[in-house]
Amino acid sequence: MPPSPPDRATPKGDDSLLIVLHHDATEADLAHVVQRLRDIGADAHVSRGRTRTIISAVGDRIRIQQLPWEAFPGVERTVPVLKPFKFVSREFQSGDSVVQVGGVDVGGGHVTVMAGPCAVESRDQLFRAASAVKKAGAAILRGDAFKPRTSPYSFQGLEEEGLMLLAEAREEFEMPFIAEVLDPRTVELVAQYADMIRIGARNMANFTLLAEVGKQDKPVMLKRGMNATIEEWLHAAEYVYKEGNHQVVLCERGIRTFEDQTRNTLDISAVPVVQRLSHLPIIVDPSHSGGRRDLVAPLTRAAIAVGADGVLIDVHPAPETALVDGAQAILPSEFEVLMDEVRALAAALGRDVIG
Amino acid sequence: MPPSPPDRATPKGDDSLLIVLHHDATEADLAHVVQRLRDIGADAHVSRGRTRTIISAVGDRIRIQQLPWEAFPGVERTVPVLKPFKFVSREFQSGDSVVQVGGVDVGGGHVTVMAGPCAVESRDQLFRAASAVKKAGAAILRGDAFKPRTSPYSFQGLEEEGLMLLAEAREEFEMPFIAEVLDPRTVELVAQYADMIRIGARNMANFTLLAEVGKQDKPVMLKRGMNATIEEWLHAAEYVYKEGNHQVVLCERGIRTFEDQTRNTLDISAVPVVQRLSHLPIIVDPSHSGGRRDLVAPLTRAAIAVGADGVLIDVHPAPETALVDGAQAILPSEFEVLMDEVRALAAALGRDVIG
Amino acid sequence: MPPSPPDRATPKGDDSLLIVLHHDATEADLAHVVQRLRDIGADAHVSRGRTRTIISAVGDRIRIQQLPWEAFPGVERTVPVLKPFKFVSREFQSGDSVVQVGGVDVGGGHVTVMAGPCAVESRDQLFRAASAVKKAGAAILRGDAFKPRTSPYSFQGLEEEGLMLLAEAREEFEMPFIAEVLDPRTVELVAQYADMIRIGARNMANFTLLAEVGKQDKPVMLKRGMNATIEEWLHAAEYVYKEGNHQVVLCERGIRTFEDQTRNTLDISAVPVVQRLSHLPIIVDPSHSGGRRDLVAPLTRAAIAVGADGVLIDVHPAPETALVDGAQAILPSEFEVLMDEVRALAAALGRDVIG
Amino acid sequence: MPPSPPDRATPKGDDSLLIVLHHDATEADLAHVVQRLRDIGADAHVSRGRTRTIISAVGDRIRIQQLPWEAFPGVERTVPVLKPFKFVSREFQSGDSVVQVGGVDVGGGHVTVMAGPCAVESRDQLFRAASAVKKAGAAILRGDAFKPRTSPYSFQGLEEEGLMLLAEAREEFEMPFIAEVLDPRTVELVAQYADMIRIGARNMANFTLLAEVGKQDKPVMLKRGMNATIEEWLHAAEYVYKEGNHQVVLCERGIRTFEDQTRNTLDISAVPVVQRLSHLPIIVDPSHSGGRRDLVAPLTRAAIAVGADGVLIDVHPAPETALVDGAQAILPSEFEVLMDEVRALAAALGRDVIG
C-alpha cells in the first residue's frame, strides 16, 4: 500500500530552484529577486561567485516555480532542483508499486502480457483473438471500443456495444480487459465496464481527461505522448495520482523523430530511466511504436530484456481485414511463437510471466 | 463564400494510392491486391517495371487508404497520391479564405494583430492590457479563461468569470476577443461569449474537441500541435471543416525539436508551405513558440515578412506578476514599438494592417 | 564471399523514380519531362489517372535521380522506387555478410562483444581494462588513440603511441582491436595497426573520410550519425563498399531527439529494420547512446534480445579518472555480471557468444 | 579589432559548475567530490539545502568540466554555470564583430547578400549566374568547386578548375567569392583562391577540418550542423577562433526535425538567440534549409526582418540542368525581384544593403 498523498494538497516545499543572475546584474536586481522570494514565504540563499551570483530558493516549490523569474531584470536563467513531480517519484516511495488489474498483477518484477485486437470490430473477431491470446498465455485482453482517428472519415469504434462484447469475452476467457477512453464524458461508461482504462498517447496532455480518470476507482494505463519528455509524462501521471487514483501504469510507445522507417521511434531507454525516477510499473507497446508487423517480435524481446513489466500487443485473426492499424497486428500463430520467446527470455533473467 | 462540402459526406474518390510490390512478390500476391481493390469498388492500374510492379489504385480514397495494404503479402509500401485532406486544400478552393472575427478580417492579404494577456487574471490586469493593445493598434483581443497547465498545482484560469470580463473588455475597447477551449463540455459556454474560439497546441489531435468545435457557428483558430506535421495539422482542420464549421484560421506556434534555447522551434517555413497547400488563413504566435520575451519582436517581424496573415502576441502590464507564461509576455510599451515595425514592414511589402 | 561490385562502376538502372505531376500540369509539361528522360537514355511509362498523371522512369537510376525534377514545370513531387543504395542491400545479396576481424566473426547469427576503454590513456589503464574484458569473455578490444572532442580544450588522444599500446595489448591478451579514425591523413596509420577501423557518428557523412577508408583492406565499423536516417546510413555504407571495401559492420548508437534524460535516444528498432534492408552485420553501442553508466546493462540486454550481432561497450578500471566519457563507462566487475546476462539471453534465443 | 585571445591558451577559470548531490548522498560522497576539486586546484562552495546539497565549483572551467562527475558516488547531476565557449561570447566581447570579405563587410548592422550557383559547373553557367547576381545587387559571389554528395555516384565538383573559374569571375564582376572546403588536405588550396571559405553543415563537427581552417588567414563561414544545438555550433566557432582565426561568420541553414515538407526546418529564432550569446555575424541560407525554390523568397524576407546580417542564396541560370540541388535554385529574374524586397525591408527597418 503506497503512502497516501494528502487529497489535492500542495506538496510542501524544499530546495526548489536555482536562480542564476547575468554577469552584469546589479545589486538592485539581486535585492528585487530576494524580496520577491520573501514575499511568497521562501528563503533565498545567495552565493556570489567570481562572475555569477546564484540564488538558491528554498520553500514551497509550486509557488516558487510558478513565478516568471526569467522575466525579472538581471536573471539569466533558472535551474529547478527538484523535479516537477513528487508523488510518483522514487523519493516519495522507494519500493515498486504493483497495480492489480482484475486480479492480475502489473509490476513487482513479473512480466504481464496484454494482447488482443486494436479495435473491437465484431463479436467473432474479438472472440477469435481473445481465445488465441488466452491460449498462448496472455494475462489481460486488449480491445478498444472508442478510437481516436486522425481522419474524420475513418471507423470510430463500436462504442458501448464494443464494451459489452469485451465484458462478454472477459467472462468467456477469464481474463480482465483494458480499453481506451477518449472523452471526459464517457470516462464513467468505460470505467464501468473495463478492468483498466487507458489514456492514449494523443491524450497524455489532455488535462481535462486526466482529471476525470484521476477520480475513478479503476487502474489506469497512461501512454507516453509521442512528443512528451519523460519528465512531462511523469508529470501527467502525477496529475492522475494527485486526483486520488494511485493505480497508474506507464506505457512507452515511441516518440516522434526524423526517422521514417518506423511510425515512431521506440525509446527503449525510457524503461530503465523511468524505473530509476518513479515507482510506477512501466510496460512497452511494440505494435504502435513501430507500426510494422515485422517489428513486433524483436521489439517485444527487447522490452522484456530491458526490464519492462510487460507488453501490450495487437493481435488480429485477420490483419488484412482490420479496420484499424492492420499493418501492425500480428497473427495468433505469430503471437504463440512470440510468447515462447517471452517465456525463455524471462526465465533467462529470473523473472516469471503471469498468466 | 467557399463552396460548401456536403454535410459529413465522404469525398468522392480519385487516384488515391500507389501500391509498390516487393521485387519478389508473386503473381498471386498481385492478384490478391487487385481483387481486394475491386471488392471495394476501386480500379487497379498495374504497371510492371523491370524489378517492381506498381499498382495504382483509383477510386474512393477513404476506403482505399483505410485498408492495411502493408499487411498484404508481397506489398513493399504504399505511396498516397492524394493528400489525406480535401476541403481545406487549394485544389478544392483555389482562392484564399477570409475569416470574419466579430467584424475583423483574418486572411486575404491583410495583417491582423491579436494581442493581450495569456490568461485573464483580474479585471484590472485585463483592462490595462486591452487598453494598451487597442491604443497601439491591435485588432483582436486575446485572453484565456481556461488554461491547460502541465502541473496540476498551477493556476487553471478564472473560467466563466474570465469570459465575462473579456466580454466587458470587448464593449469597452471595441475589439472582438479570442479565447481557448479545453473541454468538449465547455465548448458551448466559450462559444457563447467569444468571437473566436481557439484550440491549443496540446489539443490539436483531440478529435473529441475538434468535433464539438466543428459544430459551432463561431470562427476557430487551430494551433499546430508541437509534434504535428503540416499534413496532420491540415487533417485536423479538415476535421473541423467537415463537421460544418468553415471559419478556420491556422496558427503556427513552434514544433518540438532538440534545440533547447527556445521552448519550441518556430517553423517559419510552415507559413508559405501551408499557403501553397491550403486556402485557410495562417497566423503566427511568436510568444509561445520562443517562450522568451526577447524573441517576440524579431519573430513577429519574421512572421510579417514571410507573409503570415497576422500574429498572436502575449502582452501583460506586469509580466513579473503574471500567473501564466510571464517569461514570454512583452510590456505594453514594447508592443507599441513593435506595432510600428509591423506597420513599416507591411507597408514595405504592400500590405495593410487592420485595426 | 559476397558478389563483387564492379570497381567504382555505376549500377545499372531499373525502375527508378515515379514523377507525379500537379493536377494542373499541362501536356507541354508532360512532354518536357518525357523528353528529358529520353535525353538521358531512360524510358518513360506514362499513367494518366483521373486527377494526376504519373511518369514511371525506367533506366539508370543514378542519372535519373540526379536530375532536379522538382524544378521542372508541372512536377508536384518524385517518389524513388529503388533505394539510393544497392550493393549493401538484401536485393543485391540475400544472405548475411560475415565480417572477419582478426580471426573473430562479426555477423552470421553469433553474438560478438567488443569492450574496453573509450580512450587509451596509459599502458596501465589499457592493460587493466583489456585483461578484465578478456577474462569476462569479450572477443574484441576497443580503445581509441584519436578522439573527436567537442571542446578544443579537451584531451585529444595519445595518437600513435596509443595505437602501439593497443597492438601490445593485442599480443598480450590475444584479442584483435578496433580503433577510430578521424582524419583522412591518418587513415593509413590507424589501418596499419588496428584490426578494425571505426568511423564515428560525427563522421558518418564525412565523404572524404569514407572514401579513404573504402580504399583500405581492413574491416570498417560505421557508426550511425546522430542525425542520420537509416537510409542515409546505408548510403554511407554504400560509399565505403563501392570504393572496394566490403568488410563493413554497422553500429547503432542513438539519434538526437528532444528527450534529454539520455544523451541520445537509442533507436533499437533500427536493428531489425536494417537487417531487413541490408546484408551487413549490425551491432549496438549501449554506452554512447545513453551516456549513462546505469543504462549500459539494460540497453545491452535489449540489443542482444532484439537480435543485434554484438555490442560495443565502454569499460574502464576507474571511470572517475577517465579523461573521456567517464560517466558512461562501467567497471570491470559490472561488465563481468553483464556478460553472464548476455550469455543467458543468447542461449535463451539459441545464439552463441563468440570468445 | 577584437581583443585577442592568448594563442591556444586555456581560458582562466571562473564559477564553472554546480554539482547537485542525490538526496541520499553521504558525507563521504560530499568529501570525495570536494577533495577531487581541490586536487585540480579548484574551490568548492558547499550549500546545504533541506533535501539537496549543492557544490559550486570555482576554478579552471576546462579542467573542472572535463571530470566525469556523474560517475562519482552520490552525484545526481551537474549544471554548467558558464557556457562551454568563451571567446565568441558577448561576455568576452560585447560589441558586434564585423568580418571583411575581400573588402565587403559582413556584420555591423548591414545586410550582405551572397548569391550564385550551388556548384560551379562550367564557365558559361558561372558567368551567367555571376553577371545576373551582380547586376541585381549581390555583394559576394557563391559557387563551390568541391561538393559533399550523399551518393558516391553524384557529381563531386570541378575542383581546382572550379576555383580558377571563380577567381576569373571575381575579376570580371568585381565581387569577392566564397567556396566550400571539405577536406583538410585541400584547405590551403581553397584558401589560396577564395575570399571566404565555408565549412558546410555536414562538417560542422569535423574537428580536424575546423583546426585546419582555424590556421588560415581567410574569413570563414561556419554553417550550423543539421543536428547541432546553438551551443554546439558556437562551440565549433570557438574551435576555429581559438586556433587564431577570428574572422568567423555563422550561417543558419535549418535543423533536422520530423517535418518533411521541407528538407530541413529553418530555425529562424537562432538568429536573435545567437546575436544575444555571441558577437559574431550571422546570416541565413534560405535555399538549403527549405530545399524548395518556392520558399527562397519568403524565407529570405523572414531572415532580413528577423535581423540577420545577410543571406546566402542559390541562383542558377537554368535550374533544370543544375548538377547539384537544382530544385532549390531560383532564376536570375526571381532573384532580381527578391532583391527589391530585400531593399524595401531593410529600408523599413533602417538598415542598408551592401553592394
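Just so it is clear, A, B, C and D label the chains in written order, and each chain counts residues from 1 on its own.
Everything that follows uses one rule, which is that a contact is a pair of C-beta atoms (placed from the backbone, for glycine too) under 8 Å apart; a residue touches a chain by one contact, two chains touch by 3 or more.
These numbers were taken from a predicted model, which means no experiment stands behind them.
A repeat of the A-C interface exists among B-D, B-C or A-B. It is B-D, with more than half of its contact pairs matching by residue number. Two chain pairs, C-D and A-D, are compared here, and C-D has more C-beta pairs in contact (counted per touch definition above). Taking the mean of the C-alpha atoms as each chain's centre, chain B and chain D sit 32 Å apart. Distance from the chain A centre to the chain D centre is 39 Å, each centre being the mean of its Cα atoms.
Computed centre separation for the pair chain C/chain D is 27 angstrom, with centres defined by C-alpha atoms.
Residue positions 227, 256-258, 260 of chain D each touch two or more of the other chains.
Judged by the touch criterion defined above, the protein chains are all mutually in contact, each touching every other.
The touching residues of chain B, when paired with chain C in their complex, are 14-15, 18, 20, 23, 45, 47, 49-52, 54, 56, 58, 79, 81-82, 91, 256-258, 260. Note for the complex: chain B touches chain A at residues 10-11, 36, 62, 65-72, 84, 148-155, 182-185, 202-203, 205-208, 211, 225-227, 232, 235, 238-239, 242-243, 256, 292-293, 319-320, 322-323, 325-327, 329.
Contact residues on chain A toward chain C in their complex (touch as defined above): 227, 229-231, 255, 257-262, 265-273, 276, 289-290, 294-295, 298-299, 301-307, 341, 344-345, 347-349.
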